[in-house]
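There are two complexes below, and they share chain A, which is joined by chain B in the first and by chain C in the second.
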Partner chain A sequence: MENNNNHHAFIHKSYSSPKNNERDIVIALAGNPNTGKSTIFNSLTGLNQHTGNWPGKTVTNSKGYYQYYGSNFTLVDLPGTYSLLANSQDEQIARDFICFGKPAVTVVVTDGTNLERNLNLALQVLEITNNAVLCVNLLDEAERKGISILLDKLSTELGIPVVGTVARKGQGLEKLKEAIWQLATKKISTSPIKIKYSQEIEEMIKMMTPQLEHLLGEQLAVRWVALRLLEGDETIFNSIEQYHLAKQQLLEGAVALCH
Partner chain B sequence: MSSEQQLPLSALTVGNKGKVMLLLAEGALRRRLLDLGVVADSVIEVIRVSPAGDPTAYLIRGSLIGLRKKEAHAIIVNPIQ
Partner chain C sequence: MSLTIDKLQQLKLLSQQSQLDSDLVRDQIVSEIYKKSATIADKVILKKPHKKLDLDTKLDDILTSRIFGYPIMLLLLGLVLWITVTGANYPSQLLAKIFFGGQEQLTVLFQYLNAPDWLHGILVLGVYRGLAWVVSVMLPPMAIFFPLFTFLEDLGYLPRVAFNLDRFFRKAGTHGKQALTMSMGFGCNAAGVIACRIIDSPREKLIAILTNNFVPCNGRFPTLITIAAIFFGAAAGAIYSTYIASLVVVGIVLVGIAVTLLTSYALSKTLLRGVPSTFTLELPPYRKPQVMRVFIRSVYDRTIFVLKRAIVVAAPAGAITWLMANIQINGSSIIEILAGFLQPFGLALGLDGYIILAFILGLPANEIVLPILIMSYLSQGSMLELNSLAALKNLLVANGWTWLTALNLLLFSLLHFPCATTMLTIKKETGSLKWTALAFIIPTAIAILVTFTIAQMARLFGLL
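Moving on, here comes the complex of A and B:
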């Protein structure tokens, strides 16, 4: 439960919303631009949403709410991105939220007519978190183009739940909510595919791991951070620092309350 | 040994295709191109040039992507039929 509080505090502090409830289950919605992600967001949350900005940025942040099986869900619509490699502010925001905001589940919305490119983001998400659900949207468009997708096989290959949708027509959304709920409440677990790199890189990761574990604690994806550092991504330092600052403030706040 | 002609993508004209051999870009541009599918052996087809002459629309692994001349310069391809 302590971790839950940490990340809620991070969200409160950074992405404050008056209606956010401590007990809400936070779900991140990621995906390439033009995958129908907004349609899914709107269909799931209806009018229960508000829009603001990500802290300190001009990028729009939308948060919405829905209930399922008596649980309250907060759905955070991340900017549409092709990748999480921090090429742009959008990507940094998406990455930071998935990595440091620690949503219970990250839903990756993909375009069924262009699955190969869309899976780039999905695989990157799986390097950060195991708690992901793949949504293959635009199935009607895919069918029109003669593309049929073996959702079950895809699920086996990726090691995560895969749900097909035609968000525009409201199809598959119940199944999506079900998969999200099952993963969030730990009724199911995932064993996502892990991409292996060259021997040289894997050895470097092994060398860096003990120190990173010490620095980051058990919660953050050490392997993913190691890869970013090896790649020369400097923005990762800022993000980790912000995360620790938030954690620190929560701790100080908790201590102050006890006196 | 096949004659592997190498040209920048920017040199290809509408209707022609090339297979990616090499990416000369670095840093953020390189990552963006890789994310868009510009990896070795990808086939890129030149679809149309915008009225201003830049950017140009390319079909890359099933997606229509607009690239500026400066980006297309950095992609070395082997022209194919």
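Moving on, here comes the complex of A and C:
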């Protein structure tokens, strides 16, 4: 596990503050590879990060800034991944940021020509956070392939805002910013779909919940952590430990400042 | 607030209380998520029956087919290199003329100001000339090669390359994604090493990191192209010269890929034993490249970035080279002493002491190896001025170069130790000094072995 050191350093950095300014609103950008995530990132922030269409193009988080309705937003571009089940380092980076980085809103960018597979990631994100917006990108390619998507219905199904975009042409980006802003400033609320598992799993979750709430406090997605423990995901301990260490250091820093 | 260790312990205990089989839980979680996605997708997606044959699929059938896949790959690589070789020649000459004209002006100015000789030496003959060489030799090939490469990238061709090569990597006992990280290495090996994070298994990731260096990066392509053009291209006569030069560089790239596979195979049978893990590689749709964006990106991200790095390193390297060439110890310059010391070793590899010294001094960035070499040769006084590629060839020949020297320089450049930036990245990514040391030792040993063998064979068969 030699590469863990590096990973820790990364987590620490991402908590210690990805923002420009304390009042900035942090937005995470998640999505499968090839969904035009980087294009959306560039269009929103005006940064010209090089885009390419294969997995691994973004293996670290890059961040950019933009303003909307007088609020400052920090946009964090997560590595493109197919899942958050932490099989690899990039998935772990994305997962840990959504869970522990506490973004105000997580935008899941999906490929309109390939929605079904992309929804897998969206559903996993919704297990971690309630504050998510789904962006269905590449609608022009979808149209060319004779696919149309009922965005409103999708929004009802998922219980979160859904915005259709053609990022390369800049279409739908204003709506996306609007939705992010509304959710970040609590103008709207979400009620994301939750997947029900088998009775025995649900019972175990119920049994673990009080203790987990006690251990983790309310800030962390308890149900999601319980599922990780049940599936024997060892990486979660590491992530939680790093999270608390980082938080403690921040706190100690703040205490030192007060005295 | 000291909660972590204690609470973590409790958390671990809690997870052990579960009576469920964790693998089964995981399977269930995954399958529930997939089921849900399918249900939702069914409700919200309307698909029109659609007769037009899918162009992407058709293209992929050709580009990744067993018969045409490889020839097309080689052809595209050859084409990109040929355009580069052909197009770079003229601007190279022009830039050299302008810069070395500038050098004369500067010399006049220094004389007018009565500047001491050593100052003129360091600033004009060292720093300025080093920069002039980096810009005139490296800039034109970069400015042509990078946009073309970025264009292929933008088109979505690289994943097809990975797809074609996947079979070989699997046979070498490593991860198919290594084909992708290797492709990234063509841009920059440090970037290629970072990209290895997409490989899940630590074993396969290490193999990918240790072998990334065997594909030539931004910094080495111009050296390969220049030497191939003036030595192999020119030898073939005017009509065929650019074709032959491109072919030689294609050959060098193929050698690099072959060494990548062989080394990966050897590693997965020895130090990093294991079974290759499977994965599915998605072939993303082809996208119409955004031409302006390709152009701007390749100029900013690559050409300017690489050039800036080269210049930052070349300026001090130029000064140091000049100092080493002009500080005398017992009647010979430092450069002569060092090169003399390395000479037997260099000769055994079909190179010479100056070339070895240039590679060592070029550790910070591969871009400056050739400029350092030129400057050290020039300082020996075999020729006073140099302002064209033809003159460069004369300089090299005057210093005893033959086709063997040129070939082995190409091979040594391809196979030798990674640059300092890449080494630092490897240290960061692996977190281990041992693997970083191996990342230095393995390529260097291979470079020495290959060039030594070729040199000895050439001498044995009297090919010189």
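Note that the second predicted complex is superposed on the first by the 228 of 259 C-alpha atoms of A that agree within 3 Å, B and C clash if a C-alpha of one lies under 4 Å from a C-alpha of the other, contacts with A are read in each partner's own complex, and residues count from 1 in each chain.
We adopt the following convention: a contact is a pair of C-beta atoms (placed from the backbone, for glycine too) under 8 Å apart; a residue touches a chain by one contact, two chains touch by 3 or more.
Treat the numbers as computed from the prediction; the structure is a model and nothing was measured.
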Practice item. Determine, under the contact definition given at the top, whether A:148 touches first (chain B), second (chain C), both, or neither. Key: second
Exercise for review: Classify the contacts of A:176 with the two partner chains as first (chain B alone), second (chain C alone), both, or neither.
Suggested key: neither
Review point. Touch check for A:116: first (chain B), second (chain C), both, or neither?
Key: both
Review point. If you count the residues of chain A that each partner touches, which comes out higher, chain B or chain C?
Key: C
Exercise for review: Figure out whether A:139 sits in contact with chain B (first) or chain C (second), or with both, or with neither.
Suggested key: neither
Practice item. Would you check which partner chain A:87 touches, where first means chain B only, second means chain C only, and both and neither mean what they say? Key: both
Review point. Which partner does A:208 reach: the first (chain B), the second (chain C), both, or neither?
Key: second
Exercise for review: Pick one for A:28: touches chain B only (first), chain C only (second), both, or neither.
Suggested key: neither
Practice item. Could you list which residues of chain A make contact with chain B in one structure and with chain C in the other? Key: 85, 87, 113, 116-117, 120
Check your understanding: Which residues of chain C touch chain A in their complex?
Key -> 1-4, 7-8, 10-12, 14-15, 17-20, 22-23, 25-26, 28-30, 32-34, 36-38, 40-41, 43-50, 54, 153-154, 156, 158-159, 162, 177, 180-181, 184, 194-195, 197-200, 202, 205, 282, 284-285, 287, 290, 296-297, 300-301, 428-432, 435
Point to revise | Residues on chain A engaged by chain C in the complex (per definition of touch) | key: 1-6, 33-34, 48, 50, 52-56, 59-60, 79, 85, 87-90, 113, 115-117, 119-120, 123-124, 141, 145-151, 153-154, 157-158, 168, 193, 195-198, 200-201, 204, 208, 211-212, 215, 227, 229-232, 237, 240-241, 244-245, 248, 251
**Study point:** chain A partner contacts - residues on chain B that touch it in the complex
**Key:** 28, 31-32, 35-37, 61-63
Point to revise | Residue numbers on chain A that touch chain B, as the complex places them | key: 82-83, 85, 87, 113-114, 116-117, 120
